[in-house]
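Note that the chains take the letters A, B, C and D in the order they are written out, and that residue 1 is the start of every chain.
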Amino acid sequence: MTTRKPRIGVFKFASCDGCQLTVLDCEDELLDLAERVDIAYFLEAIRRPLEGEFDIALVEGSVYTPEQEEYIRDIRQRSRFLITLGACAAQGGIQALRNFTPPDEYPRVVYALPQYIESLAKSRPASDYVPVDLALQGCPINKQQLLRVLVQMLLGSKPRVPNHALCLDCKRQNIVCVLVAQGKPCMGPITTTGCGVLCPSYDRPCYSCFGPAYQPNPSSLTRRFAHLGFAPHEIQRLLHGYYSQAPEFREEGQRYARS
Amino acid sequence: MTPQEVRLQPFPPAGLPDPYCPEPAVIRSIETETPGVATFRLELQNASRQRMYRYQPGQFNMLFIFGVGEVPISISSTPGEQAGIDHTVRFVGTVTRVMERLRPGDVLGLRGPYGTGWPLEQARGQDVLIVAGGLGLAPLRPVIQTLLARRSQYRRLLLLYGSRQPMDLLYQREYAGWVQQGLELMVTVDRADQSWNGRVGVVPALLSRVSFDPTQTIAFTCGPEVMIRFTVYELLARRLSPERIYLSIERNMQCGVGLCGRCQLGPYFVCKDGPVFAFNRIGRFIRPEHF
Amino acid sequence: MPMSGGVPPIGQAVVLNKTDLGAIIEQLWQAGYTVIGPTIAQGAIVFDEVHRLDQLPIGWTDEQEGGTYRLKRRDDKAYFGYAVGPHSWKKYLFPPRLSLFSLQKTQDGFHVQQNQEPVPRYAFLGIRSCDLHAIEIQDRTFLYGPHVDSHYQARREGVFIIAVNCSKAAPTCFCTSMQTGPKVERGFDLALTELSESFVVEVATPRGADLLTGLPYREATGEDLGAAARVVRDTASSMKRHMDTYDLPELLYNNLEHPRWDDVAKRCLSCTNCTMVCPTCFCHCIEEVPDLDGQRAERIRLWDSCFNPAHSYMAGGMIRSDIRARYRQWLTHKLASWIDQYGVSGCVGCGRCITWCPVAIDITEEVAAIRSDADKRTKEGSP
Amino acid sequence: MPDPNSDRSSRIDTPPHQGDSPERIIRVSTLARVEGEGALTIRLCNDRVEEVQLRIFEAPRYFEAFLRGRHMQEVPDLTARICGICPVAYQMSSCHALEQLAGIEVSGPLRELRRLLYCGEWIESHTLHIYLLHAPDFLGYESALAMAQDRPEYAALVRNGLQLKKAGNAIISLLGGRAIHPINVRVGGFYHVPSKKELKQLGEELKGAHDLARQTVRWAASLDFPAFEHDYEFVALRHQAEYPMNEGRLVSSRGLNIAMGEFPKHFEEYQVPYSNAYQCRRKNGGAYYVGPLARWNLNFDRVPASIRQVADETGITWPCRNPYVSIIARSLEVLYAVEEAIRIITTYEMPDSPAMPYQPCAGQGAWITEAPRGILYHGYETDASGIIRQASIIPPTSQNQLQMEGDLLRIAPQLVNLSEQEAALRAEKVIRNYDPCISCATHFLKLRVERR
């Protein structure tokens, strides 16, 4: 095994900073982690120039400006293993709702002089530009999942992240199904696990801030929502939320947008 | 009607050993076989446990890497031939990738042996036809060695073996010895290179080149599932009856002891009812895809 | 003739005031049992620790149909006037998440430290016949194979069981089809049948009899026994769902490529809910959870499901790579290969998988569809 | 001049002098230890400040645009995503504005729980800034990790800071489900409220935090502060009885005292012709100062006497006009938040219902709450079914931006005789006093001070 400490960089694109904050939220682990790895670039926490190559790049945020297109390519070239953090980097994030609108609409709404705004027409995931080795899902990512992946890498194994439906972990926690017992529109059956089953454990339906599970079946679930009395625009908003650009959610949501 | 406390059987005694518990095992040697494949010779750290360790050709062990997890690996050495237990491993999975970095003297975990072995007794007095593909030769190597050690008890011994390319052929250094001891060996590769002047083609195709007497032959096969399928169909077409065809199935064993349910194939738990099955038991369940 | 005070005879039935159940609960706790029973939480009747009578769902019931469950008030004060809820007892004997042991790295390898946490001694209050059968079925998996699951064994042995004969069948129940209810037949210490003011209590074991000692019970009269029998009979006759189990394994094995699998795959979410609520499903996975410094690791056992794609994952791909294959695996295992494996069906007709399927897939309907079509195809003379 | 954007490194660099031009440029191409992305350029000519450019190149994410068409009940979840550091602030301003719109007022235990949640965020966000972002400026390090690795006493200091931060996150996690983007906040209250038992356990965890918070004030007071004072207009909420979080009137150190709904009458967002930045200023054109120092200066009479005493022991005369001292104000607010959290936990009674019901309706609502970095304004307009038609969000960092620019202009003369490296660092420190949260800046900011 290598004796050199792995060099880690944390890189930000269009985002709320929440996923990289997750690193600093590892209050019990942060200093030990800094002993095991060399956190060589992390602008939110370290005043140090960007230089050299990285064993692991942690990339937060979506690609949303012309400079960011160049930046993501640069980061990829510098990095052996590139992990995206969160919904923005994986699927464009909440700001990718703009992707459904004409390019000039949003700047006009927000700015008096929209012609000065420099952003791409669409908020895109890193994987639209470069190969991504692993995507940690979530808005924001789960701290335990991040640590688990880093430990797996330190042990020399290929990190894997479970992507089954949230329901499995919901029932492992003995939570009563909020969809069946309360008729609430829970996205759990088509949402990937990872959050720790937060919403159902707080008596609210999952709103899919972790995105689609592996091989989801959204049309069956949304038929059920419609049967329970939810209107097409309500169903559409559920699908077009934090993972609106995941193909399964995007297409199913557009079906309801049209109806 | 008198209600009574009725149980199927008395409960087994409490305090039995935990079936999931690995034992430390030391790597005695690592032999690189082909690119990305090596044979690990292991010995249980506890010497008396190692002395008591018994297995049959065809069985497997769960190997364990600290902090990473376990992986089922078939035993590729021959019982009684040597001190350690051999496992031929391809470095592809979560656990095996880490194994690639281990060195002799390192310790990993082992529990087993698990599963059923090849029916060597049933093969006595018969022609034995072994058909293997790729890494599928590993669990058959102890069969070959055992049969050769008792050569006189069997009639013809045939091995049909193939791999993707010449450099992927396992145990090449042993072929000459096997042939010398009376094994008929046919080797093929899917894709040849300049170094290769042997046969090219898939393994089941080799079958058409050999003749055998279906009433006196028993066949053992192991390899990729597609290869097994075509081999079996060919053997059946050549009138070998299903109970004379044995195959070793690969599934994702996790507990190894028939509890976790992951390796189910129809009514069977591959880990405890297999991995070696007679085709007449398993045939209807390997035909539907993805079952 | 009052018998109060003495030890009731084993194998006979006595009559007890309903409120005296409170004393039984109390005595069980005093005897060192952790009493688990029905209680209301999260909008459902679930199982949890029960210390007092008022924790029971007295006067509550459930309304169930495919994909829906609602808690409702009854117009009486019935203690057990509901069918089965989202929880099964397996969560106690086969916990959804269990730390098996921890491993510590040492100079010359590693050392295994078994989890030393004491295992509770459980008393199950209010277990129904279907669930009692389910426990027997899980016993076959975990206790009577070549390898015994020591963790299950430690929890299972010595469980005190107070069963209840069902006075109500949910529309999703079909235990009569599976011959698993509604009357409890065996495997309990005490069995209650609820009448309007009292319980008729069958006493099956010495420890069950001990528990009644000192309570103001009386011998059951013929009238009491008749009333109790009527409760069960009415429940059985009100059962709305049925499954024709005739030659079911062969039917399914012969129809592994039936088009119905494609149809159900369009509806199935592969969300695992049916397997999680099923009282017999036992699939699990093992996880290795290392500490940050890599010196210590914990081995965890978690409930898993054949609907989890990772369940059939091997390096190189998934065996059951689509929802069709996963649903087919579940249904054929439950109703066919289970019988090959354990000599009994894996289904006890509790109906949970129907109620708790978010999209209301109904196992009885799927089987009926395959059967009717298969029958039709046979009649038409095609294979 | 090269576009600072094209150079993505945080290199603190100096372009070569061109011939014998007297021009010097001090550039920080990417600001470190702030949330979000900004750049800073100061152009000097003949030792005179020619230009100060604070450019925030955080990509625009257009929250106000995509909020239109969403249902009001979704808003607290959506606006949380503006900022991962202070999501609770966004949720609180959203909820209050929409409750005002719907005509309900959340009171009793639910009001207390919201205050508790906000305490958690103040503790977490302030501690993050004090220990991980600001401390390295005072102690001369690139990061808190470098501090910890360099000296054992700093390792202990950072460890303490992390533990205190963890206490804040524990509050948010219990009430909100998770520390970042809590899932349990809704218009009208919560989805699920904690039991007394759960809160009691949390109270146990906070006991240690109280000691750490006192130590933090003492440690912060021991730092050296540059003499740098200015007569700012401090703006904050002020409540009749409490230290302000979710409610109060808007007051300033120059006598402003208005209902929060009148904010648009007295403050304006504007876009200047040479920039597409929205900034906020007093309608009279003046810059103003929001955040912990402003809050403390205007409200220190609203904390318990014991905390006022701790504040006096720092040796600082309050009100204080030195932005470097904001680290003490921040640490005093942490101490207050810990005590307030303990008070709420101790007196908590579980409410009958986790939320107050409301009817979606057409209307307008606006509210201000005190985010860790200062006042946060949200205004909404809905249609009859509760769908958002208009949203306006003014985060504290936009409001402080003109002030930061002012501080840079004021400090610039002092940079003249410093090396570029040193000058850049000094300029950065001025910015970091404000704990700017650039990700919060929902508007795309591009500030230029044109050469005259």
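Here is the rule we use: contacts are C-beta pairs under 8 Å (C-beta built on N, C-alpha and C of every residue); 3 or more make two chains touch, one makes a residue touch a chain.
The shown structure was predicted, so the numbers you read here are calculated from the model rather than taken from an experiment.
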{"item": "Contact-richer chain pair [A-D vs A-C]", "value": "A-D"}
{"item": "By mean Cα position, the chain sitting nearest the middle", "value": "A"}
{"item": "Chain C and chain D: spacing of chain centres that average the CA atoms, whole Å", "value": "53"}
{"item": "Length of the line joining the C-alpha centres of chain A and chain D, rounded to whole Å", "value": "25"}
{"item": "Computed distance of Cα centres, chain C from chain A, in Å", "value": "38"}
{"item": "Cα-centroid distance, chain A relative to chain B, in whole angstrom", "value": "42"}
{"item": "Chain C residues counted as touching two or more neighbouring chains", "value": "290, 294, 304, 322"}
{"item": "In chain B, residues with contacts to at least two other chains", "value": "66-69, 94"}
{"item": "Multi-partner residues of chain A (each touching 2 or more other chains)", "value": "151-152, 155, 203"}
{"item": "Touch relationships between chains, expressed as pairs", "value": "A-B, A-C, A-D, B-C"}
{"item": "Of all residues in chain B, those that touch chain A in their complex", "value": "65-69, 94-95, 97-98, 101"}
{"item": "Partner chain C, residues of chain B touching it in the complex", "value": "2-9, 11-12, 14-22, 24, 26, 45, 66-70, 92-94, 96, 107, 109, 250-252, 254-255, 257-262, 264, 266-269, 272, 284, 288-291"}
{"item": "Chain C to chain B touching residues, read off their complex", "value": "11, 100-101, 103, 105, 108-110, 112, 114, 136, 139-151, 153-154, 156-157, 184-189, 191, 202, 204-205, 253, 256-257, 282-288, 290, 294, 297, 299, 301, 304, 306, 311-316, 319-322, 324-325, 328-329, 332-333, 336-337, 340-341"}
{"item": "Footprint of chain A on chain D - complex, ascending", "value": "5-6, 8-12, 30-37, 57-66, 68, 70-71, 74, 77-78, 81-85, 87, 128, 132-133, 136, 142-146, 148-149, 155, 158-159, 162-163, 165-166, 169, 177-181, 183-184, 186, 190-192, 271, 275-276, 278, 354, 428, 437, 439, 442-444, 446"}
{"item": "Residues of chain A that touch chain D when the two form their complex", "value": "12-22, 24-25, 27-28, 30-31, 34-35, 39, 42-51, 61-62, 64-65, 67-68, 70-71, 74, 93-95, 97-98, 101, 105-107, 109-114, 116-119, 123, 139-140, 195-196, 198-199, 201-204, 207, 209, 234, 237, 241-242"}
